[in-house]
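A short write-up of the structure that comes next.
Chain nomenclature is as follows: A, B, C and D, assigned in order of appearance, with residue numbering initiated at 1 for each chain independently.
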Amino acid sequence: MARSSLKDCTGLHVVAQTPFHADGALDLDSIDTLSAFYYGHGARGLTILGVSGEQAKLTADEAVQVASRFIQVADGHRIIVGVSSASLAQLVTVARDAMTEGADAVMICPPRGIQTDEDLMRYFDAVFARIEDTPTVLQDFPVHSGVRMSPPLMRRLVDAFPQIGVIKEEDLPSVTKITRLRDELGHRVRILTGNNGLYLPQELARGADGPMAGFSFPEMLSGVHDLFAAGDPSAAHDLFDRHLPLLRYEAQGEWGIAIRKEVMRQRGALNCSAMRMPGPVLSALDKREIATMIDRMTTDFHFDPGSAD
Amino acid sequence: MARSSLKDCTGLHVVAQTPFHADGALDLDSIDTLSAFYYGHGARGLTILGVSGEQAKLTADEAVQVASRFIQVADGHRIIVGVSSASLAQLVTVARDAMTEGADAVMICPPRGIQTDEDLMRYFDAVFARIEDTPTVLQDFPVHSGVRMSPPLMRRLVDAFPQIGVIKEEDLPSVTKITRLRDELGHRVRILTGNNGLYLPQELARGADGPMAGFSFPEMLSGVHDLFAAGDPSAAHDLFDRHLPLLRYEAQGEWGIAIRKEVMRQRGALNCSAMRMPGPVLSALDKREIATMIDRMTTDFHFDPGSAD
Amino acid sequence: MARSSLKDCTGLHVVAQTPFHADGALDLDSIDTLSAFYYGHGARGLTILGVSGEQAKLTADEAVQVASRFIQVADGHRIIVGVSSASLAQLVTVARDAMTEGADAVMICPPRGIQTDEDLMRYFDAVFARIEDTPTVLQDFPVHSGVRMSPPLMRRLVDAFPQIGVIKEEDLPSVTKITRLRDELGHRVRILTGNNGLYLPQELARGADGPMAGFSFPEMLSGVHDLFAAGDPSAAHDLFDRHLPLLRYEAQGEWGIAIRKEVMRQRGALNCSAMRMPGPVLSALDKREIATMIDRMTTDFHFDPGSAD
Amino acid sequence: MARSSLKDCTGLHVVAQTPFHADGALDLDSIDTLSAFYYGHGARGLTILGVSGEQAKLTADEAVQVASRFIQVADGHRIIVGVSSASLAQLVTVARDAMTEGADAVMICPPRGIQTDEDLMRYFDAVFARIEDTPTVLQDFPVHSGVRMSPPLMRRLVDAFPQIGVIKEEDLPSVTKITRLRDELGHRVRILTGNNGLYLPQELARGADGPMAGFSFPEMLSGVHDLFAAGDPSAAHDLFDRHLPLLRYEAQGEWGIAIRKEVMRQRGALNCSAMRMPGPVLSALDKREIATMIDRMTTDFHFDPGSAD
């Protein structure tokens, strides 16, 4: 039942930024504008409070406030709430509060310290004993978590826990992992892909159901998905390649998030590009570098009117 | 000013357990009994919500509830509250709430991910800009945090931040680190030692001001300190050595905490030895092993009536 | 003196692959063809036995054999030998043997386990006491080594050890690190950049002296450098962007190396694309994916005859 | 066949130190004296080139020289050679050379970077395809290697690879792991225990076959094993407890090895206590601290003539 509620979870699900004021205070009002920006550029849903949503810098109370506001303005779109935490109690508290507020699902990445397949099964036993039939996205992100899951182990998890309806796949090389997961799992679960969308065309060709990533031009992510779905991979590749210089520039960890927020501010999606401290601060030189890249990308479009964009 | 408030922070400060019911719920009432046990066995203060206090399994709200209760029954003893967190916002929130409730100081271990000396200075700039003149214990525990601090760097921290009145030293070998810290710092700050007290006599001989550790027989920790202070290191060593078989058995990470809570339950200090899930559960065999060890330790005392204990 | 011998170390220095036969045996003969390929596509020198040269899978004897062969066919190009090792004795042995064979310099990345600035200074004291005035490339690659070096610390190293003539900079974001290193160091040392060349145009604009990276189309790396040097950054960006889809595909760690070797085999630069075990093996699907990418990249060139390539 | 050759691998197998001259050169001659010391204090065999044998500081050639000398003077005792390496080629080379020289078995700890159970099986497939029927000790030492193995996975390894005749168990808590391994494996393989012998009496009570550890008083390790085997656990505990202050002092990682070598020098087992650089150097204060500890330990013996020692 839980899994079935995520069976149509395909297409672009943006990993949303969290808006802050320049002083680091939450800017809840900007969540409305930001949501509109995402939905206006092709997002079918949002994943909020993910790693690039600066989740680790919030208190549990703040996390629930943010979730609540995104849910209020979801306007029919799916809201998935990142609840990963070293503290199982905090994970459970935030998951329950978010579901009570009206979230559609939670996303969980197993915490640092889990080592063996046995440890992992035991961890999710403990998790699902507490959050019960909450629909769940399993995040496979070993570079961040230190926890690696083999495809057979992921099949064990999916078999044991029908709550898991989606896998967010970002173990590198994601292309081969997706191929192996489809071999192990068929289409019992949806597979959305992260890693900033850096391998999206190849991932879609391997059987992914869409991107779950952030990018300051989300229309590229949704466009690539839709062109692939429409049977035009060549146009999808063209669209992707044109954005790739900026995309790989944003794919630089926490600093890349600062870049992304600045581009989004320039596009009117955010009032303020500040990240909460401690975090990177862009210099004037950094901002000029961004401007150059956007300029090149936009100018190219003028010279290529046949673009799928 | 902040530092001076910790200038008499010497002697045993127990890293307190957090009491839970068998179902994992907080057992706030047991904090009263537990506090009495610690103070009755020589503790001059407590450090609550440390690593072995299962801090990472609590929500921020629960952390404040626990702190509040320990403070209510402190009865003139010093209460230091562990506030380390990957989230600076959560650190600040818990620190402020704890100080408002009446805590004497907070303890901070820099979070995983800090790499260079520069990063560390910047981190504490951000911390102290927010918690201002809160008296602070700096925890040097690289095996846990992944952050290593050289003695010259620790001097820079102490020079820059007068809030730091105590260093909790548990970088191994702690004995040589204490010698080097005394060379760098003189006696500007207090040095208390952790690592379950496993090197306590040598650490005191090197200039440590006392233990900040947990052990199911806290009277050993206070006794060793007091005998050293009274100029009788030989008796201190005798007392220490007699408890060493159990002490090193408890010094086994999270599993050792389960052992400690069970011994403390048998001694009447805790109503229930449960750790919050996910955590180790002792088998019948484990418990028999404990019983054997306690029995040997206690029996030895009969044959050694001249003990300082 | 040592540093001055590297003062003209600019332009493309390819991080060379190591050729193996299908059974994993060294293919020393192929080093000749491979070297010719690199030099024919703009390399001014080679860095051999780097991470992507599968250095960690060789014995010390094999390392010296590989170095010796590359040096024999260097034909006036600079040969830098990667000698990083957890074993200082092995580092010193390989460094001495390589220099005796005629290498121009060695490259050293500090080993996992170094934590404080003090530790690092002590490590290089020990290294340079043994390899004396060997010209040295300092590799700053914390994602791989776990050792982070701040710009002030790198200045201390450069001040203390005149052997260091080049920094291979691949700490992310490399663009800001290069800006900070130029502020700290001026142009006392050369800065070459790694990370598979993924940020090359921006790095050159920030003051890098060239790429030290591997890519199956090394003519792009040298071309981008030369166009920048010739004052035509726009053409440099065009050339870079056209190769970016394949470049970011190769930038996937060890699996990316397998991709690179396969592309190089298709281009005639290698007889055999095998990596030594244990390592990734490409499937038929993986190879078709590569073919598609090369085809798209090459076809684009036909439609863009004004390319700088 | 391979496994059966290790079926009588019980009792003390000392993890041997490697002797160096003060300048860091190998002191091969001292291997003879050192071996005599170990065999004279109850060792049935030696494990050479382990972590505490400073294996990581040797070149492959030096490793074979050391192995060869220990084998020449083995005098009927079992010699197990540590061959763990990040380089599979180096592991295989050293293993083959050591077996050719006459070693009885090799010891392998899986290298850092192995994450899933699948990865581990594949790694040992590659290893045993190369070293074939070499009798092997599997080292389970996750604190050092970063690789955790669950008991069911270890059963899979033992089932798949009959070369594995001994498990060196040092995953904490070792006591519960031994109990679980005996449940999974029965007595198909021998289990020897490491961690400096710090939990030896409890490990023997749980079914371990003996210690594989270093300690400057190896007669304690053999004595505790023999008293347990003779059905006198109480005397075994007494003997153990008396040495515990020094034992836990030596159990401090690399610094503890420096301590151990100094104590062994004082006992005449080593001519020189130097560790190869980079490594810790003891101060005069450190040495006085050791002297005090030895003095207390030895004096106690005088007052306890009924000891089993």
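Miscellaneous remarks
In this section, a contact is a pair of C-beta atoms (placed from the backbone, for glycine too) under 8 Å apart; a residue touches a chain by one contact, two chains touch by 3 or more.
In UniProt terms, the chains line up like this: A, B, C, D = Dihydrodipicolinate synthase family protein.
Predicted model only: the values in this text are computed from it and were never measured.
In summary, the chains found to touch both chain C and chain D are A, B. Its C-alpha atoms fitted onto chain D, chain A is found rotated by 180°, rounded in steps of 5.
Of all residue numbers used where chain B meets chain C, over half belong to both copies. The two sides are thus made of the same residues.
Once the centre of each chain is set as its mean CA position, chain B and chain C turn out to be 47 Å apart.
With each centre defined as the average position of its C-alpha atoms, the distance from chain B to chain D rounds to 33 Å. A straight line joining the Cα centres of chain A and chain B is 39 Å long. Shared interface positions of chain D, defined as residues touching 2 or more other chains, are absent. The part of chain D that touches chain B in the complex is made up of residues 172-173, 175-176, 179, 198-199, 202, 205, 237, 240-241, 244-245, 248-249, 252-253, 255-256, 283, 285-286, 289, 296. Residues 56-62, 86-90, 93, 122-123, 126, 276-278 of chain A are the ones that touch chain B when the two sit in their complex. Put simply, chain B touches chain C in their complex at residues 115-119, 142, 148-150, 152-153.
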